[in-house]
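One structure follows; several queries about it will come next.
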């Protein structure tokens, strides 16, 4: 019930904003560059990145280690300042978007606060954003259920396995109503079966709520299975080498992964990746 | 006669050690308590036997038994001294010094400029023998406990400041980025992230200061005091060669100091239960 | 280098506060003095008077500076050997006193470090030591050693060991504690995995110690050495008070206090601070070099 | 040469000029003695040093020495170079104090460490309680300097005529702003700097012989110092390793000290002794000695030394 | 050249030991159990595990998080004491095997010593085992080449990416002559392309040297691609639910992964895993 409400709320909001929103993509980057100054000289983490993410897109970022995937998400989240080009989020600057709490961010590592229980960790953004006590409790138990952690509310992070912690951190990002989710390898620490299960769950959530999701992964099947759009990146300097629009339907059972179409897309992604790997 | 006592002391040392080595193989709360007690008891016994065996004059080092007697005979005086030095001098100075350092640390943490200016100067001052301030403080704040509290507060300020500032910077990048993504206010970031993350450091500072507080209060009394206080008692009784009373005061100091330390440790355990260092080795 | 401006600013603020504080603290005496002379002071005269007293409650920075100058470079103006070369390096000059204090401090620091490391090793390697001794190591620091410093001096005197050794022992007592605590932490810092790794190679206990525990503990060691050397200095200074207050910074402090010579106290304090700064800077340097050679500092 | 170690009861200053003069002028050497002078300091209890064997002889004030005797450290006075007491209470005149009766309700700084007894006994003779209150005095454990008076933290403080009193004047206070009460004049004077040795050592004739020579040379030093105060002060200054003493101060101190040593040839006057003991026995609630001491002094040494 | 020598050495040794070695498997576990006593009660990490690993086997362990894969390797390495059953390594007790330096162990995380260069890290076991200086240098440079890290000998671990560190830690285990390699998720931190490459390399090494390898992984394709034998485990209590003998040939090009046989084995492994996952 509560879930349905949330969905409705989301839809309502979408409807309300419809007229104004028409032309504004959720994320739009133009010639975006970011260079870190380090002791060993400058590191070009992002170089001339052009990318548009539309409302409702599920975009995966894939590429070798160090190609700037995390950096791109961090720039969008206003955690890093670009050194060139522009980027807008919901038509605003990243800073405004951050201040209007436009997105939820799942970090590469779980990053739970060890002094708070799992429930307390999920409640944290809700407290900060000033939700009422009742709503906090309601949302915590709802999102805990969503990631199969019901019953672990009172445990502390270190009492959970790495995978469970990762799920809790996903729940934390889902607890409040952000239309945009930035997820940095959220399923990296999980084994294949759990990963499959959470992939399904995430797709269902995305489908239900119409959220926009930007998703970093190292796994080609995962990227293909989840995305409407796959961004392949290559390092030194980090740039986008390929953007693959998925032709898979929105409805995706797990065994879609055995389909010809799936395998073709996966192949294209692998080729794109391999091309970026020459120098390694 | 004396030789046998010395040999007995040696035997007790060996015996105590053997017992402890055996004890240490066990586990649990009882052992954790018994082992140090046993060690302490052995130490006292050896002290007693050696002092008697070697015929050390009581004006140099009294045996533990004499100290015990002096302790029990002087409880009212010792209590008054304890209140004067520990409760009034050390505790109030401790609270004031640590409190001021805490507030300063929060300010320093807010401004990079301050941090860069205050911290090097702070660590320099922290290395000063602040004890040298004692005669000056007696001159400024009078003979009462206030001057002792001032010495204690000064001694505690910098260690506490350095620790707290380090602690406030202890939250890792991801943890603070998380707060940023929530667009949390500085106050929210402070209460919900920085302070909890800093608490192991804060408690480290608080623990260091417990020992400093007692030492500071006692030594400050050497430079002038009313006619009571632990430092006063020690120095006056040394003049009268009443070393048993002196050691009784030292005993009070050790008990008070250890208890103080223990209480802060317990608080630490309660507040930082989540920290790996508190979750067993 | 970016820190120069902030540090200078903070120092300036401190100097400003210092001068400001000197006014109210020294005002009473200035007014009394004026009353004796049957005059009244204007505000500026008052400030002027408070900043230049002979026996101020708080001497101003320039007075302390002058005293430092006088006691380091122009130290020989009185006594039968006034003006001779010999007396510049003796008595009145602060340098020999700083040297006395420094030598004791270093001795105490060296013994304390050795003792601290030894204790830490036995605590890490022996469960019996860990359980029975560790609580007493902590309790030992709650004994006000400084209060019983005179007795230690006397006891050693009576054994025919005057001066240097008892002071060094007090310094040792204060400095071994931070080293023990830090080294216990440091020697226990290797992760389970690193220890297991050594096991898989069937490394001996000594090898594990030399190649794993010792290197891991280095950052901890240096951090505690800095604390320990400062503690050692405090111990020495306090130990110098009752050893006949013959020489050393502690003796200067005491004599300054005894003759109500606040300038001498402050000069001694500054001298102590300089000593502390030099020693800590030296350790920091050693730390940087060692850690760099170990590849631990980027 | 026989070795003798002398434990002073304070830092090097003209208060101990006689011994330094004897050392500098070679009087000890002439007596075939090799003397080491150990300065004292705050919280060094000379009787403790003696008991521990760290010194052969010590200087001490008699109340403290008698207290040590009762405490089981049997020290014996073998000579008494200081005839009269230099101890006094110095008060601000403007506090309205004109006689000891006016101490009531005032704050007084006192030296402890065994030196508080004459004061306590004086107050108890006057019937003034020493635990604060309206008509008692508030006692402070005075540090080592005269600041409590200058800063008006105390109305009166203990001073020695030869040292602290001069410091007060040096600070810019004129004599008529002050009023002093000498213990000597109040009839509560106790004997100050005397030479003490351990009773058991005195049973050894060789030791006694050494002491005889030591006392003889020391008294020579004292007499020389009395006659040449300026030179004596300079000698003291030479031996001051702390470098904290000043010329003017030591010269004046030597002048004052000479007045205290004046009436003594080194021998203890049993009448002075008796007066000290009586004063102490009349002491307040926490008496320093509870019974008339026995054998606390011997004239044997001075008799031999001064014949 | 050096490599060939090492291979020859290895083969020589194998030949020499041939007569004595006949009946003794490299690892043999019978009813092996291990229960950890924790504050929350006992944890049955291993329960009644029976397993034989023959000389020259490449055995993969796969199973959900916490099923006891690491624990099994640790017991074999004498890093953990079993609470029941028996296990022998090279016919000896694990302790004797450890003391005779019978195996190399690659931990789940790289665990390089930060105060030693990459070369120094690889040299460490050689120093401890008392190899001569010349041999140390020779072996370090050889194994560095083996994992494509030639030229990085003088760098410190923190100057390398996570993947390179992982490779260095593998090199460290290969540097001395152990016939048995215990590898705990050695490729967990790597991206797919690098992983493929290292998989090839490892297979080649195994083929060349005839080492016995016990290998933990979370990836089904990896397990199938590498192994002669796949051990599927399930948790609470940790037990072996399936042992799958691979029918793939020893010679395995990367595209064998598209073969029917490969997909069938992978399917069987996935089924085995899923069965163990019911309770999750």
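Just a few scattered comments:
Chains here go by letter, A, B, C, D and E, matching the order in which they are written, and residues are numbered from 1 within each.
What we mean here is this: a contact is a pair of C-beta atoms (placed from the backbone, for glycine too) under 8 Å apart; a residue touches a chain by one contact, two chains touch by 3 or more.
Every value quoted in this text rests on a predicted model; they were computed, and no experiment measured them.
Common neighbours of chain A and chain B: there are none. Chains that touch both chain D and chain E: C.
Here the chain at the heart of the shown protein, by mean C-alpha position, is B. When you average the Cα atoms of each chain and compare centres, the chain farthest from chain E turns out to be D. Two chain pairs, C-D and B-D, are weighed by contacting C-beta pairs, with C-D ahead. The mean-CA centres of chain C and chain E are about 54 angstrom from one another, to the nearest whole unit. Spacing of chain B relative to chain E, judged by their CA centroids, is 51 angstrom.
Averaging Cα coordinates per chain places chain B and chain C 18 Å apart.
Work out the mean CA point of chain A and of chain D, and you get 86 Å between them. In chain C, 57, 150-151, 154-155, 158, 241, 256-257, 298 are the positions where the chain touches two or more neighbouring chains simultaneously. Across the assembly, chain A contributes no residue that touches 2 or more other chains.
Residue positions of chain B touching 2 or more other chains, listed in rising order: 60, 135, 139, 222-223, 235, 238.
Under the contact rule stated at the top, the pairs of chains that touch are A-B, A-E, B-C, B-D, C-D, C-E. Of all residues in chain E, those touching chain A in their complex are 63-66, 161-163, 190-194, 218-220, 270, 273-274, 277, 280.
Considering their complex, residues 8, 11-12, 38-45, 48-49, 51-55, 143-147, 150-152, 167, 171-172, 174, 177, 234, 237-238, 240-247, 249 of chain D touch chain C. Taken in their complex, chain C has these residues touching chain D: 28-29, 33, 36, 54-55, 57, 71, 75, 78-81, 90-93, 97, 150-151, 153-155, 157-160, 162, 241-247, 251-252, 254-261, 264. Taken together, the chain B residues at the contact with chain D in this complex read 57-60, 135, 138-139, 142-143, 221-227, 232, 235-236, 238-242.
Per the touch definition, chain C reaches chain E in the complex via residues 191, 193-194, 196-203, 207, 211-212, 215, 218, 294-296, 298.
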